[in-house]
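Report on one structure; see the data block that follows.
A, B, C, D, E and F label the chains in the order they appear, each numbered from 1.
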């Protein structure tokens, strides 16, 4: 339990610190750095408490379930590998915090800085102590995100934003490959628990998926560790504040890839494929990075390429799949962290004090800033692999390993190439230190400013340099046990016997080392000439290529996206119809018979005529679609035929509904038509018409064919039998359709009236704003498109309308009351009532008619829905479910027996809602036209007066 | 009142054929008469009686043949009698208006163009009803 | 006998519908088309009445009644549109 | 007061009648409901019929009978014209009927009668409301037609709408 | 029956009552209408959670509306999946509603609150119903309400987009009816459970018709879900809607997905002959294309809201990749991702609005604009929303994607699916990074180039996006429980026999 | 020729006409297309109950066979919903035209605008004339 808590605290501390600094973002720099430093220091203390047992062979371990179905557990464990990395992360992290405190100006957004830094630290820590592959991935991607924030910290600088995006794109993208690889690894291994996976290397390597998962995982590692050809993001990440560079590129971000290679060594390493890829990529990167570093002038850029090179070396070592090579790698990780962090901080100091990082402008700084010179020179020497420093030992170990592998079948090739890389390393390291600190000042200005910073700023690099020196002087004492344990952890086997010392006698490694030093000196001597040649060679610029390819992708993806998504209704519909047609054709292929076996009804001549009427009218609609009034008349014909169809085929309710809906629709269309432009339509091109026509005919044939197939089949047993049997006895009505609507499926009807109510409200909302804005202007500028009769309210029409209203309303009442037993019902009654009132509006005008009504349409809709709902809820009181109906027969003297059904109350709700919605829509529409006309008249008379 | 079924059937059949015949004649008038004003006479009249006969036929059929007392068909006629003149009036107004506007599709028929009413005014279709006149009784 | 009368009646009304359609398409004026539609509705009411007689039920009476009302409203609306543009002022 | 409860007595009567006809049976219950709606609906719709034209019922019944008879006769007349009279022999004419009726309701009933009866269609009212424009399908003698309409219908309507 | 027995229908009743009440009171006393809306939203949340608690033991509640026995009446079916959708809707509804009220969007036109309640009612009804025609009705309710909401506040952009949105959906509704007609003609029933039993008995001669009907129905759902190539309507519609509305619409495409998940196993399962697992040959490719198109849009979008709209398409594609597996694992993964992507899309739309409100005329376009107060905070919100939308850790999108990756590994085409899921994530990462750095970084100090000075905006509008992100965080932290629930829901959905038993016996009470 | 054939072909023709018009460029034509399609759909849904003459689903002691009432109820619901939707889309098209000055389905400007009843005049022109 204590262990679990320790582990949890360890990984949580940085996140807590991140949150604290973010929340206290308005506090001072001191507060921020204090929090961050405290978190790092606290972590170190916790880690130290675990160090002994871990090196002694214990593996502190804790697990909590997080997503069991996924296999994602919150498993934390510290083995020596994790311990070493955690130590680096926290230790160098602490030093970086201290350094950053002095490096950053007090007025910078230090809260944001330290929050991001701590977020990064936490993520990094998570990677190295994660005991679950998926958990590791979580932290892995978080490091990409956090580094994005850190690199882009100086947001106003273009290079910072670009560098941040590039780092995110490459490492985040590689991370995605890693996700694929790791999930695959887990699936192959049958577990996402790292310890379990590590024990199942044989299974993994034997799996046919091994090459795939290996490739994906390596992609993740190589991008993160800036291996060639994914190295280019790293130099641009130097746009970050130097403390960030020091942190990301010495101990953390880029080391994550190396860490993962080491972590998965027992599972992945050892195959020819693995060795071939990893070794060659590492070797290439090592040589390439070192070569480029030779010719860089920006201090941080040199360090960046040196980092690339050093990482290449580590990767190459791990690629060997040899235990001794793993040992070399483990030691070099420590060495690199120490000297590289020291160098970055020194570079930061130099920049901070001189205002430049261009080594061509600097020189002879040893006099001006001796302490910095001492620190940086020692660190550079370690990087060069010069004795008696730590770098020397690990480089020796590396060179010692190289003959063990034959590259391309040539046993000498690898040692030779490795020596070449080492030569370059010596070259750039010496150039760095020599150029900066020895010789004469090259430019006066930066030199004049230069002096050693205060102790706070050089303390951290000094400490690291001391470490680098001690790693050379007392390696066994300082790093022996750890390195051994780490090696064992990497390989999953006991570490080989080893001895870390400066002097191993005269062996091949030492000879190669000497060659490298001599070669490095030679390079430095010939540097000017070589530089000229390098600059003539004009190698392709990776960053520019990356950006160009992004711009290219953006341009074309944008073009394609815009082209596909042009908001064209015609295209949307074309796509939809085409998809449907294709799907129907697919369905047809499932077979079955086309014509069924039902005995058909012979058609009467009249039916044939009605059919011809419908088809002629449809053709006329299509043909004459620009002549709007005519089209409406044709539509009326279609509606008429449809109504007759319903009458003929035993559907009186449908006929009533169709008839009344039809006229309301026509009124609506006429109202709208008055304001819509009547100009000739845009003519489609002939090919387009043909295309649409073909699609239309295909669609028509298919739907008609389906209808035929359906109509010619005998129906099977249907739930409607129940409705027919229970309408009277259970629903209390003889009109089965109505009983279905207000009882069996009243819930549908509730939805249906709500649809209508919403339509009314939506229409109201749509039209209410027409008086203002562009629409208002357009309406104000409205002029008649045809000369109109001056008579607004024809006498006979008005007089007739006065009697038509009560007559029609009485019919509506009649239809409503009988609906439960005979054709009719609330919906039809509402439409009839609405028509009755619309006749008033038609005859006497909106204002006159509207002034006389006593309740608003909104209220009607609301009360209608509420009535229907209340009917449904009433059943609750009787312990029944929603919309349970009841009915009873009553008798009163004189009047006789009559029926009352709760369904009729429901139907009242239907009536009110439908009536309200129809009136709201039409009245509102007619109203804007009236306003428009009035505005027009007002304008006209004003114009006449002027 | 009891009529033998064959006689009742005969009556109903007669009414049906009469009604449908009038409907057909009305529509025939619609086809053959020379201009809208003449065509208007065909349907609006012949079909009123046409439908009337068919509706009476329906009443008679239920009454006499099936022995069911029905009257509601007559309501259709009531509605038609109230509305048919208005429909005709409105259609005629459209014609008058279009004709006055010189619409090529609304040529004057054989009766020519109606003369304006005496008194220097015009028909309401061409000139809005004067304030206070019966035509102005709507109120707004 | 009634069956024959009905057949003749249906035939005549069908023929009438065809004539109406002819006028509907032919025009020439919009008033002619409105008139043709109005007549068509009247003939359709006739058909419904005859269907009622043929089916021996009064169930379709409301359809006829409604059609009578609605045909009027439609005609007036079309006419008002031609006269005033704005059907509800 | 009575005006408020029964704003249009004729209308109420018509509605009761209509209800009974529509419901298609003549029980007391039906009649009762008919009376309820016959009274309620006009009250509800009264705002949309603010005028209160006084109608005398007895002459109205006679008028209805005359018109019904005229419609039947005239339909045959018009049918004959449509079927047998060639277009060239047709004598359509515009009739301008001076109106003595003054209320809109009365004018409408008059015009409606003319439209329902043979061979004539009411087309328009003059802007000042004192002339009715009528189209006759076949009127060799327009003046006679005018006179016939005035004495057969308008005179009676003057009695009814007083 | 006690009130608890009515639990399955309360999510429909509450908003259906609230809406008319709001309609009646809001003109006179606006605050009362707002209060009613709040009460309804909270009530819905309580009901949904209670329902979830009730069904989380695996029981299926069938509520026979009107006490007509299934399959003759309409039955509401509350199972784990339905309860989950209800909870999502309730949470999202509350968030979107809050944002609308806080930003004053509800006062930009008429009837926002009533339409909003009706929208919730339509959604809840669609999630609860066990009847295919009733599903159509609730589709229409939620669609027409969405038309109103989408056009709320109007302006030319919304009106133009509105025409397209409405017309496309009308075509969809027509298709729905055709499919329904065919299915009724073939099976004689409308109850989904009953239909699932009856399809097994369909004659060989009718198999073609059955398959056509099934395909049509599925394509309607695909249209609602905006699956390529039926997705073209979505971008403009969502990008121009009021942000609070767009946030609510995050659940709208999910209705299509939900219907697919509900109907296919229940009706077109193993026994459905030619219609068995009917979307099978098309769903995976279409889903992959959607994911690619969506995230390609995210990659190149020129404004935050456009980006959010494309993200909706992309995430639906991703989700359907999982659904296309039709295994309990993959469906469970999909359901978890569904919940995630709903809130992620909502968060994106809301953050886009927060940005737009602060940048004056620069709106949410991906171009440098003026600096504004609290930029870092908003940037953080955006980053969180973007992380969620792309599916990066630590938010639930990552877990969702891992779940999907793991579950679809069993598919024959897993390689393509993995490639698409991971590749589109890359597009998303790059796209959001670019837009985010342009909007939040480039503006800093760079002085936006003459942006009009804008009035200070109250920070209250951060509440809704923060709520959405909090839910995402909760979904991540509680991923174990959530994904277990989703898996259990998937198992239940894929066992139509259990559901049929519950509906046809319990519903027949 | 059977009723079934007539109905099926009529549905087919309505669908074909509807699709063609729905693919046109102006809102009114699209509305017409949708109207045709909804006629077809209502008939189609109705046809799912097959065609039966003279047996309306009005329960009666003496009648034993009825046509299937359920599709009728469904069509009724569909008609109502379609009506609401049609009304909405009509008014939306109008509203969109008033706002954008174009009745193109995509809201794009069309050259023939100025000839129409609604001239596309800008609001400030109007203010000038009033001032």
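The rule is simple: a residue touches a chain if its C-beta (ideal position, glycine included) is under 8 Å from a C-beta of that chain, and two chains touch if they have at least 3 such contacts.
Just so you know, these numbers come straight off a predicted model, no measurement behind them.
Any chain touching chain A that also touches chain F appears here: C, E.
Of all chains in the assembly, those touching chain A and also chain B are C, D.
Of all chains displayed, E has the C-alpha centre closest to the centre of the whole protein C-alpha set. The chain pair with the larger count of C-beta pairs in contact, out of C-F and B-D, is B-D.
Of all chains, A has its CA centroid at the greatest distance from the CA centroid of chain B. Averaging Cα atoms per chain gives one point for each, and the point farthest from that of chain E is the centre of D. A straight line joining the Cα centres of chain D and chain E is 62 Å long. Chain E and chain F have centres, each the mean of its CA atoms, that are 28 Å apart. Inter-chain spacing, taken between the CA centroids of chain B and chain C, is 11 Å. For chain B, the set of residues that touch two or more other chains comprises 26, 28, 40, 42, 70, 72, 75, 78-79, 82-86, 89-90, 92-93, 97, 124-129, 134-135, 137, 139.
Annotation for chain D: residues 18, 22-24, 51, 104, 107, 111-112, 122, 125, 129 touch two or more other chains. Within chain C, residues 10-11, 13, 15, 17, 30, 34, 56, 58-59, 65, 69, 72, 76, 80, 82-83, 85 each touch two or more of the remaining chains. Interface note: chains touch in the pairs A-B, A-C, A-D, A-E, A-F, B-C, B-D, C-F, E-F. Contacts from chain A toward chain D in the complex involve residues 795-796, 798-800, 802-803, 805-807, 809-811, 813-814, 840, 844, 849, 852, 894-896, 898.
On the side of chain C, the complex with chain B involves touching residues 1-2, 4-6, 8-13, 15-17, 19-20, 22-23, 27-32, 34-36, 38-39, 42-43, 45-46, 49-50, 52-53, 56, 58, 61, 64-65, 68-69, 71-72, 75-76, 79-80, 82-83. For chain C in complex with chain F, the touching residues are 54-57, 59, 85. Of all residues in chain B, only 6, 9-10, 12-14, 16-17, 19-21, 23-24, 26-28, 30-31, 36, 39-40, 42-43, 47, 50-51, 54-55, 57-58, 61-62, 65-66, 68, 70, 72-73, 75-76, 79-80, 83-84, 86-87, 90-95, 97-98, 103, 105-106, 125 touch chain C in the complex they form.
Within the complex formed with chain C, the residues of chain A that make contact are 604-606, 609-610, 612-613, 616-617, 620, 629-630, 632-634, 636-637, 640, 643-644, 647-648, 652, 655-656, 659-660, 662-663, 666-667, 670-671, 673-674, 784-786, 788-789, 791-793, 797, 804, 808, 811, 815, 822-824, 828, 832, 835, 838-839, 841-843, 845-846, 922-923, 926, 929-930, 933.
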